[in-house]
Amino acid sequence: MQPRTSIAWVTAALAASALSLAAHSAWAADPLKVGLVLPMSGPFASYGKQIEHGARLYLQQSGGTIAGRPVELIVKDDTGVAPEISKRAAQELVVKDKVDVLGGFGLTPSAFAAAPIATEAKKPMIVMNAAASAITTKSNYVLRVSHTLPQLTAPIADWAVKNGIRKVYTLVADFGPGHDAEAQFKKTFTAGGGEIVGEVRTPVKNPDFAPFLQKIKDIKPDAVFLFVPPGEQTVAFMKGFVERDLAKAGIRIVATGDLTEEDILDAVGDNALGLITSLQYSEVHNSPENAAYTRAYYAAYPKDRPNYMSVSGFDGMQLIARTLEKTGGDVTADKFMAAARGMSWTSPRGSIAIDPDTRDITQTIYIRKVERVDGKLQNVEFDAVANVRDPGKP
Amino acid sequence: MSLATFDLTPLRRADRWHPAELAFWLLPVAAYLVFPDNLVLLTQIAITALFCLSLDLILGYAGIVSLGHAAFFGFGAYAAGLLAANGIGDPLAGLAVAALASAALGFVTSFLVLRGSDLTRLMVTLGIAMMLYEVANKLTDLTGGVDGLQGIEMTPLLGRFTFDLYGKTAYWYAVAVLFLLFWAARKLVHSPFGLSLKGIRLNVARMPAIGAPVNARLSAIYTIGAAYAGIAGALLAQTTQFVALDVLSFNRSAELMLILVLGGSGSLYGAVIGAIVFMSAHHVLSDMNPEYWQFWLGALLVVVVLFARDGVMGGLRRLSHAAGGLRKGAR
Amino acid sequence: MTVLFDGVASGMLLFLISVGLSVTLGLMNFVNLAHGAFAMVGGYLCVLLLNRVGVPFLAALPLAAGLTALVGVVLERTLYRRLYTATHLDQVLFSIGLVFMSIAAAQFLFGAQQQPLTLPDFLRGQISLPGLDMGAYRLFLILLSLVIAFGLQRLVGGTRFGAELRASVDNPRAARGVGINVERVFTLTFALGTALAGLGGALGVEMLGLDPGFPVKYIVYFLIVVAVGGSGNITGSLVASLILGVLDVAGKYYVPQIGAFVIYAVMVVMLIFRPQGLFGRRAAR
Amino acid sequence: MDYALQTRNLAKNFGGFTATNNVSLNVEAGARHALIGPNGAGKTTLINLLTGFLEPTAGHVILQGEDVTRLGQHQRVKRGLARTFQINRLFADLTVLESVTMAVNERLGLGARFWKPVGAHGQAVEEAVALLDSLRLLDVAHEKTRSLAYGKQRLIEIALALAMKPRVLLLDEPAAGVPTTESRELFESIAALPRDVTILLIEHDMDLVFRFADRISVLVGGALLTHGTPEVIANDPKVREVYLGEAICA
């Protein structure tokens, strides 16, 4: 009944291939090993690519060394959707590749899944995009150099109420981050005297916004607060918004900046003109550091545009370098974490700092408007809220 | 040939363990020694093998096609996850609750799956899984929604073995559960019940004519399959100490069917070998080329279908027959 | 009313893309889950023609569809042909393998981000009648789809090729016996199916967006249309697409909280009472 | 006179067409009853109504005094009504012994046992082996069904039916498609069937019918024309006219 001999074949084949693999990873050297767990494939592949670009750019500028040691950057793909692969990748980086620092984490679930690894293995874990506030509370070895969702939402709400927007209709996608953005916006906006005239949660998988735009057109609020997964949904929403002449009806849109960031802006196209958003980085942020950064970025990656995720990758490596300078090259986790708390420096996005008690990032959030700047769509910064701590934490 | 001299051994010894099978089950021990640093990967291969086994029972043995088997996997994962997140961190209790929960869900939905052709069953199972996905996403405060279920604390297995960083406990726990359930599935396949399932798959019209209640048998195996999938889901939730929406996703069901067909449906070993081959290939290719590993994996699948019809086991069976032929010829 | 109009428009788009799948699945009994990949190829070709080569939109559509059909024929001749007699499971494994390869290839060639598509002016904006604002593009989509649906029904129902097609699917051996070159018919049918997918993909970029994940993102919708409409039935696919399109849009408008839930629930209920789909033939092979 | 199987005013129409027209058939216990009739007389429809494969439009099926009209196929089998199929419906990948053991398992209610292996249920296996021996199928017991000659496969059809230990056995054209070289063995096996089993034989092969049956019913156009002993039927002008008449104008 059972295919006897075929199983013998399998056993032999698997054993043989296994031995060859084991031999390969035996040798070791003493470079500074940094392991990045990123969504390199799958629906969020562009996140992984941008963060890796930023990290490699920093190494290029620092001659491939940090605190005098050559840096070996190991990138592992976690497909972005399966947190158990993120945990597996983190575990292998720590146990097998013996990395000194963990980094990356494009999405919240992968950061949550890997946090216990950082605690048990006592390895610093630098979050470079996952945006849920609670991530830094999951382990004392977590640092964040990107942003949190409430940290982006509060400033835009503040700006809206201070600039004559009285009645807002909130449209958010019906998933975790959408609920958090909606709650934070309502809290800050109503506190400032604004009024929410309507709210709707669109299903996460929604190929067509037509019906919701119709509802908004009927209610005619001053502005719409929009929060949907960036990508084809932003494109579809903006196309519908313009096509149905809501813009002509004087309805404006306010949103968090990840909806008009450089990776997606060209796909949204001219429909994005006039869109007001809040984010910590824009390609046209004028500072000498950013000018150098964008030049280096285009030199290395002509086909892509530098966006906030690449800057988070860049700053992640910079945080490691500056912390190791402070600890004199000592990479033991507790010393590293102690030195990293309160660390501040000027990044291409502007001045940023690691909050000593929450280990989260404090940074300036800029209010920007989409305009065409010498032929290219850009988020032109015209206002800012300095040193914003993450309001999401008590 | 008279009654006296009739040799019954082929039927009596049909379920005897063949030495090659015993050698096969030494692989986990060998893998533990050769790959001490990849225990989390090996644990997940064992869990996927169990999940694939559950689909094999339904598809390979009873002929029920399903593109929504993740519904039971996810249901079990959330059941065990919620149990652990709310104080009962004992792993075995988690498995039991997950098995019961998924079995109940399987039993209820089994009546929807009994009618219709392959395509209808594909779509009904898909619809059920998608609906569960939407519900899990809606109940964000219960399941954590897209951000995932946090706060899963596992108490040590059997009171002694803690779930540590290196994943030793998690590995042996997963392998033990896989072997136990594989052994039970093997007994089931060789039992009268298993024989009647094969009869249903080979000629469903004949079964009522020999007095077999076809729908009751299909419901039973669908429920057992669902329980197996639920336990696999619970194992993942406990060893990863985290559950996210993707445990219910379409990708997981589609990939599972891939793994089973790759391994060769209709043989229990097909499910286990499919999981080993697919996940190792995925792991190795992904390390070599993090961005475009999917291209090579796709190529592997196409090659397997073109040259090893009905999966690795099919190919091996032909190989071993060819080799067998040689051996017989040689003898 | 506009909700109904938008529902019909998204239903039409769904029809365009999934009718090709219904043809390959129903008439050729081949479970081609890679159908979405052909739609993606059509989308990328259209974007390429529009942005890089500067071909006007109306010319880019047929070109994209034709080129996709070419890709389809090449693959059919080399790979698909070998699997006509394979089991459905092997066909699923094969086509998902193709999908994996297409996703990685698209990401390699065009990058992972959304592809920009600028419509010509006459297709932008709104035509508003009392109580009904019709998106120009959506109107164009509906008209084009109706023409195609009618043409397809005439082709399959009325022409010699249609008869040959249906004959060679029902009984390839008998069809060969009657002198029909079954291989050629299958190749042409597959080309037709992929051309429709390419066209649907190209038209879809405007409403569904386009990135390497396209084949996997919308495969569920294609399958629902084929299952509910009954495989191999053109009118079935049309009616099913319309029902699902309108239900999806109306569901999300009136009951947004359970919006997505509506489609799946309707599908499951419909399939339980009519396992072979609305118009499907009794024993769907 | 106790009847093993009866029908009262059994009728079945598909849309306008009446396949079974008010049939009241009486099959005596232990009889070797043959049902003959030209092609398209509705023989197979009648069998499908008797076995529960089809729901009758009107009328009743009485099995050993019990009205089983509402019962499904496998309940009627449990009550002792078994059948063979005109076109083989067998289990290609199972061996002969496995197929017959499975049938015996179902009868003994072991079908749902999921722990002990098939071979461990001694009683069922022995009964299956005895059955194969009675049909001289022991030499192919471990062969896969698909690899057997058509004649042998017809015997397996009968074995599967007999595994039900039926009170009433419906043989649907057992000799159909069997080459004459193998039919002799088949006829001997049918003749050797135990007398306590009532057999309703549907057959075209006249010499098998007249050598085997002790009562014959003639079905024409879905209705019972007549019935009687073989001698009566052989000399009945109406029967000859139905067959010959058909032959002349066909």
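As written, the chains take the letters A, B, C and D, and residue 1 is the first residue of each chain.
We adopt the following convention: a residue touches a chain if its C-beta (ideal position, glycine included) is under 8 Å from a C-beta of that chain, and two chains touch if they have at least 3 such contacts.
Nothing here was measured: the structure is a model prediction, and the numbers come from that model.
**Student:** Tell me, please, which chain's centre (mean of its C-alpha atoms) is farthest from the centre of subunit A?
**Tutor:** Centre of mass proxy via C-alpha means gives D as farthest from subunit A.
**Student:** I'd like the Å distance between the centres of subunit B and subunit D, where a centre is the mean of that chain's Cα atoms.
**Tutor:** That pair's centroid distance is 42 Å.
**Student:** Starting from the mean Cα coordinates of subunit A and subunit C, work out the distance between those two points in Å.
**Tutor:** Between these chains, centre-to-centre, one finds 35 Å.
**Student:** Where the centres are mean C-alpha positions, what is the separation of subunit B from subunit C, in Å?
**Tutor:** Using C-alpha averages as centres, the distance is 33 Å.
**Student:** Counting only residues that touch at least 2 other chains, which ones in subunit B make the list?
**Tutor:** 14-15, 134, 138, 190, 251, 291-294 - these are the residues of subunit B that touch more than one other chain.
**Student:** Among all residues of subunit C, which ones touch two or more of the remaining chains?
**Tutor:** 104, 107, 257, 260 - these are the residues of subunit C that touch more than one other chain.
**Student:** Tell me, which residues of subunit D touch at least two other chains?
**Tutor:** Within subunit D, no residue contacts more than one other chain.
**Student:** Could you please write down every pair of chains that are in touch?
**Tutor:** A-B, A-C, B-C, B-D
**Student:** In the complex, go through subunit B and note every residue touching subunit D.
**Tutor:** 1-3, 6, 8, 10-15, 187-188, 190-196, 198-199, 202-203, 205-214, 216-217, 220
**Student:** Show me the residue ranges of subunit C that touch subunit B in the complex, using the header's touch definition.
**Tutor:** My answer: residues 25, 33, 79, 82-83, 86-90, 92-94, 96-105, 107-108, 216, 219-220, 223-224, 226-228, 231, 257-258, 260-261, 264-265, 267-268, 271-272, 275-277, 283-285.
**Student:** Which residues, counting only subunit B, touch subunit A once they are in their complex?
**Tutor:** Interface residues on the subunit B side: 14-15, 18, 20-21, 23-24, 26-27, 30-31, 34-35, 37-38, 40-41, 44, 134, 137-138, 140, 144-148, 150, 164-167, 190, 236, 240-242, 244, 246, 249, 251, 267, 269, 273, 276, 284, 286-287, 290-294, 312-313, 316-317, 319-320, 323-324.
**Student:** In their complex, what parts of subunit B are in touch with subunit C?
**Tutor:** So the residues of subunit B in touch with subunit C come to 59, 65, 112, 115-120, 122-124, 126-128, 130-131, 134-135, 138, 250-251, 254, 257-258, 261-262, 265, 291-295, 297-302, 304-306, 309-310.
**Student:** Within the complex, which stretch of subunit A touches subunit C?
**Tutor:** Touch residues, subunit A against subunit C: 41-43, 45-46, 49, 174, 200-208, 210-212, 214-215, 231-233, 235-236, 239-240, 243-245, 263-264, 266-270, 303-304.
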